[in-house]
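These are the structures, in structure tokens.
Paired with subunit B in one complex and with subunit C in the other, subunit A is shared by the two complexes that follow.
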Partner chain A sequence: MVTTKIDKIAVLYLDMMAGFNVAVIVKLEPDFSEGNVSYNPDGTLNRAETKNILGPHSAIAVNAAFYAKVRHGAKISIGTMGPPTAESMLQQAQILSDADELFLYSDRIFAGADTLATAEVLKCGILKMGSKMDIVFSGHRASDGETGQTGPQTAWKLGMTFLGNVIEYEINEQERTVRAKRLVRLQGIYDVIEEIEAPLPVFIAIDPSYKARFSTVSQRLAYEKYQREAAARAQNFKQYLKIFNASQIEADPKMIGIAGSPTIVYKVERIPKGKATRQADVIDGQDAEQVAKAVSRIRQALSTMVIK
Partner chain B sequence: MTDGDYRHVYIVIEHEDGRLLQVSLEMLGEARRMMDDFNKRYSSKEKVVAVLLGSNVGEVPKILIAHGADAVVCADSPELRHVRNTIFTKVISQISLDKGIAEKVEPEYAPQFKRPRYLFFGADSIGRHLSATVMAELESGLASDINKLVVADLQITHQNKTGGKPITYDKTLEMYRPDFSGFLWTTILCLDNKNPALQKDYHPQACSIIPGVFEVPKEDSTRSGTVIEYSPRFDEKDLLVKIIDRKVIKSEIDFDSAKAVVSFGRGVKDSPEENIKMIESLASEIGAQIGITLPLSKRPFSVSQSIDSTYLIPDRVIGISGRKVSPKVYFAIGISGAMQHIAGMRDSELVIAINPDEDAAIKNECDIFVRGRMEDVVPVFLEELKKQRQVVQA
Partner chain C sequence: MEKYDVVIVGGGSAGLAALKQLSSLGKQAVLLEAGEKVGTKNISGGILYSKKPKKARVYNVEDIYENFLSDAPFERKITKYILHATSKDKVFSIDLTAAHNYEANFGCSVLLGRLNRWFLQQADEAAQKTGGGVVPGVHVRSIRWEDGRTVVETDELEDIETKAVIAADGVNSEIAFLTGARKKFSPGQLYQGVKVIVKLPEDIMNQRFSIGQEEGAAYLFAGDVTLNHIGGGFLYTNRDTLSLGAVYHLDSLLENPSEPYDLVNALLRNPMISELVRDEVPVRGEVDKNLPKEEQMRIRFAVTKMIKTWTELRGSSLSRTQREKMIRDGKFGSAEEMDEQMASLRAQMAEKYGIKFETDYVEAEYGAKLVPDGKRCRMEMPYIKNVLFVGDAAGRGIFVGPRIEGLNVGIDDAARAASAVARALDRNDFSDDHMGRYYTQSLEESPYTHDMKAIDKDYLKIFLDAAKGVPKDIISSKYGMVVKMMSSNTLRSFAVGFANILGYDKLLPIIETADTYVKVPTEMAERLGKPVTASYTPTIPSIAERIAKLKYNDDPRSHIKVLKPKSEFMEKMITLCPTRCYFMEKDGVMIQHEGCIECGTCSEETDWRHPAGEKGISYQYG
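Moving on to the complex of A and B:
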């Protein structure tokens, strides 16, 4: 659908009124869905054969940013560090969020970065987005073995208050604060839902269980409007896309890539098969008699007292 | 760099109003073992230093000493009752760099002391984020989700680190990290840049440690140690971040009170919808809670919305990245047995694995290995379970 001029002006006006800016940092990840993912015979991921997509945790972060657009008309900027092929992932992210700007930070010099050096690039990239950000979102962690560190480290470098494991948030525009609920798992003790209030700007790492809720009719109308706009924008996503290299984001070459990484990967090995901790009785699953014996062991185990 | 610049292992302790999270004791135990070896090998006297932030921490320092700490740095303030990232990050960083503390830990090397040699965090809701922000503040390297630690003198040749020349790095911490599949082990090192063009020191060598991996050491109340009180400095603006409410919740998925757990893995892939329904019946027959392996939480199949949102969720993951369970009966259906998963179910009493592949690693971790495809085997089990239930009831 084509957005009319009046719509565009209305959106612009809303943006100016609210003046609320959010950024999202996202990551290109292997697609783990069946049919797309490929594993080597030894059980490890076959990266060459596996497609890459917008990571699922990144998608949740993008959804969280979209909530700020629907509720507050926020301007959304999405950034990623990645190869030139990451463009199409930014298009996916735009479909989900009606992003106003897309940024790809791409440079050979970024390669081989550990999390600290990656966070440095993202910090420089976010500063180059051109708006003073009120909230920056990131996903909880990447699915392909990333660590959940990049978000908090980027936040720290930006000097923003970091809120992790956020399952819900509301913005108070007058007070310029955010109220967020966080899920904190205290292993072996209990889980806690913590409600926290912080002055803007904040950096939010979104918990996987986050779900945006649009309760009123006007929110749902705004939601639909922005979704239509998103679909239209994403068809011409390159119009919204800026590609920056290291010097364009003014990154210090000593702080990024391999040069800026305190850590190195020293070796990669297969985890040796542990010694057998149990001696299994092997039975044939279609032999009813053998199964009957197994089942009586199960019934017996279940009938013993549980003391916990 | 002289030998006094970087000393000791500092450990960030986690607790809830004085109740220690088990991972804290596990880290202490591992640090104790590591530093005892270290001090013997290098004829040194480096210490295990627990870093404790909290409010009214009471007897906690004593407990930490009894579990292996040589010194406990204790920052006790009402502002530190619960973790707020910015405040905690700054206080931990202050403590790490504080020469006055180093002096009390070990007077001999205090004049040269710059930073801790090693720094440990728990790889959980609290430590995962704190480790990241503290290491961003200290500008050094961090390896996350570690399950093995080795100290070694390593000869390294690296373009950036050594300018391509071989250089020996003494007392380097090899940090072993299982990858997400649970089949690969990556060793991560945090190394100073000794290349003249990029000269930079990276200490402490830091990591976050997976809960449940290392043993809790035996408590020894005769051990002695130093308690060092530290008065932190707070920035006014950091105190504007306020915790308004805290509610304790029970996880929706209750593994702890279930006598039995039935878990499934990628083996359901041939017909996920039907197989998961079948597993549902099996679980309800024995009153079991249902678990999954980590790859399943990435929703690799297209199944109906209700199955997807009920079962293929992070809350059900059993293993390093999820829950640890120890039921009376544990079924592993279509699960190959990656270390990642085993760590979460190893303490179960009776383990039954259903798998067509007798070479699968799960065979070493079960009591009954049922050879066969789940499509063929689960119905046989279900029928037999029903039969025997009737016998019991009769």
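Moving on to the complex of A and C:
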């Protein structure tokens, strides 16, 4: 029937208009929780015995992307650079975000990459995802590298506006802007919330304290619906998975792996413990008198402090 | 404001049944649950019944969920139901299986965490078809009526407009209190239940309780294990855990305060129960304190990992279904291969890390809940305006001697409430006359309501028959006349008739006494019981250790406010709070809400709310 045909075209057209594309870059990290992690006698991580999982900060980034799916029906693509075993981590990420596509960039040549060379691979990978991204998310940092550089460097290579420490964001599809709250330090004062607006596309490094907020029943029902869809999809995650090597993402061999890394980890040292300058008194918590004494000393100390 | 036809408050067994039933009737309903996930706030003693009363029909779990028996993750069908009277090391047992089977299709042990998640899947699937569903992590703050509209306010979401509300928010229903539908329950109307989940591999359980793969046992305890309180202990077999708990009349606890965990501990220390929960437990060796800190940590982590691996492997190897699954999945070639790997792991644990294997028991979870005694506190008018109350929220539960039922009552109520609401939606009439009274009438017709009002003489006979072997003089000293009347068929119906005319109010002080629950059973055990010895002394965790094992999502704001810090009641809460949240300070009783498991024991004299959405306790087993 003619009407249905027109309807279909209209829907298709709307789809194109409403098509909001989001990418997330994630990292495979060791599971540091007790009962899962193993250490060698010399104190280094026993990688063979320790399970690898989706890094905790990556998981938050994936959650942030899921918000765009629930609110705007965004198409989510997740990419990672890692060994072939990182597949199951991408499955974990799909469970969290109902991702439409999973990308694994895996090649021996990537080995030994520092943050800059990693960012190069991720940049090429994101460009290879096939959609023009409106937002790219990354975690705040990795729990094993702790540099927090890969996100910003990838943003720079992609030439995208970078928003770091984002704790909340809202998309305005009509205006094609994003409003974000950032948890920052200003003039020495911690935990200042800065609210900014930026035109799309943007690159967002998500803050560890990010939590998605859904304020109506219908939003929450949509959330539940996509979660169910995610669980179903993740059962056959390989159907959504594409594995690319260096040449497939058209990465310049000089810019990746050891060749593309201006830095190497030369040595890791423990931070020496500072010498305590203060004397500690150990008190018996059961003894009311001693506790009362400690309380009065705390009160005394507080009374001399100016708390703004 | 968003609009939904029906809002259901609370995602327990009753709320979910209401959602399933309404959705099956083609109505749109949204269920709001405060826990981070459905099932995390729910706890029960542990038996769900399906009944076939002679007088009238009830809505059973398998009527609501047709695939219950084939698909639901209930634990075990209870096939053996025994009352154990205890006195020190002596136990006298009375088989009550006939009483358990009375008017029953079946009774199965359940863990609500797992079971309610299954109910959720079924109910949610049905609800989606009508544009409804389940929203967890949302705490309903209040309901207001304005300009002919009913508005539900929550802590987390924008207000919701609705046509009718089904309040399934449990024994501490805030809706009931806030809307003025009823007063808070008083201790005289409540029982306090405290429960621990004990781990025990499946095969060991089957052997120890002499039950097959598809069978289960339920044990009740009375006598000295009650520490002189009105109530008793229970032990139910789940699939690979045991539910061990104590349920006591809150009034009796207030009169003679005992720490709730001591009441569970008294059960654990009983030699018969010690033996029933016994298992093999790996114990960590001492880590050499002279080793470098990093090395100590490495060893600690390695030990944790080995114990975890061993425990998982052992659990699977001692369960027929899991064993077969692992072999089918190709993880092991045969059962022998599993045993070999366990033995080698065990040797490694002992040699490398000095882990010892001792006889003890393994506790997995501690929890508590209040149980409404329907004969004392059921709401006569279980509604206010267009809000209908079901299950615990309406104070509906059956407490008759060893017969304690709540889950099935809540499910039956929910089905009736769903019918009443569906009918009101069809005619767009939510008035008291059309919906509230209709629902009340439907509940009055429920055989469960009858059980909350009157004694069933046939049930009593079965009970008395079971106790036939007990010498008359033990019971006669207390109930000579009663027993004589009850033993004769003609006199029994006369006596029950007379008792029912008197009503439960006058009857209860005679029946529910320390004599019934403590003295008579203790004497039975002393005179008729067989001695039981325990081969070990269980290492019972302290309350602090028990709380440390629980999972909480801390809310910095307290959901409970102490109103009368110097009242006698509040002072007793220091003892009666199952997680020791109260302590005495200079200015009176103070609360530390962080360890609260939201049982409501202190509710009567406090400003008591459920925590905000996702906050507070999150049970794993329930």
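We adopt the following convention: the second predicted complex is superposed on the first by the 238 of 308 C-alpha atoms of A that agree within 3 Å, B and C clash if a C-alpha of one lies under 4 Å from a C-alpha of the other, contacts with A are read in each partner's own complex, and residues count from 1 in each chain.
Just so it is clear, a contact is a pair of C-beta atoms (placed from the backbone, for glycine too) under 8 Å apart; a residue touches a chain by one contact, two chains touch by 3 or more.
This is a predicted model, so every value here is computed, not measured.
In the superposition on chain A, A:I271 makes contact with subunit B only, while subunit C stays out of contact range. Once the two complexes are overlaid on the shared chain, A:G139 sits clear of subunit B and of subunit C alike.
In the superposed pair of complexes, A:L221 makes contact with subunit C only, with no contact to subunit B. Judged by the touch definition given at the top, the superposed model places A:I283 against subunit B, while subunit C stays out of reach. In the superposition on chain A, A:I189 contacts subunit B only, with no contact to subunit C.
Contacts of A:G125 after superposition on the shared chain: neither subunit B nor subunit C is touched.
Of the two partner chains placed by superposition, subunit B and subunit C are both touched by A:V37.
In the superposed model, more residues of subunit A are touched by B than by the other of subunit B and subunit C.
Once the two complexes are overlaid on the shared chain, A:R297 sits against subunit B while remaining clear of subunit C.
By the touch criterion stated above, A:P152 is placed in contact with subunit B alone, subunit C being left untouched. Common to the subunit B-facing and subunit C-facing surfaces of subunit A are residues 34, 37, 39, 43. Contact residues of subunit A toward subunit B in the complex are 32-34, 37, 39, 42-45, 56, 114-116, 119, 143-145, 147-153, 155-157, 161-165, 179, 183-199, 205, 208-209, 254, 258-259, 261-271, 273-286, 288, 291-292, 294-299, 301-302, 304, 306, 308.
Every residue of subunit A that touches subunit C in the complex is listed here, in rising order: 34-41, 43, 214-218, 220-221, 224-225.
Listed in rising order, the residues of subunit B touching subunit A in the complex are 14, 16, 19, 21-23, 82-86, 89, 124-126, 128-129, 131-133, 135-137, 139-145, 154, 158-161, 174, 178-191, 198, 200, 202, 211-212, 237, 240-251, 256-257, 259-260, 269, 272, 286-287, 295, 298-302, 314-315, 328-329, 336, 338-339, 342, 346, 349-354, 358, 361, 363-373, 376-377, 380-381, 384-385, 387-389, 392.
Subunit C contributes residues 2, 4, 30, 124, 128, 132-135, 138, 156-158, 160, 294-295, 297-298, 300-302, 304-305, 308 to its touches with subunit A in the complex.
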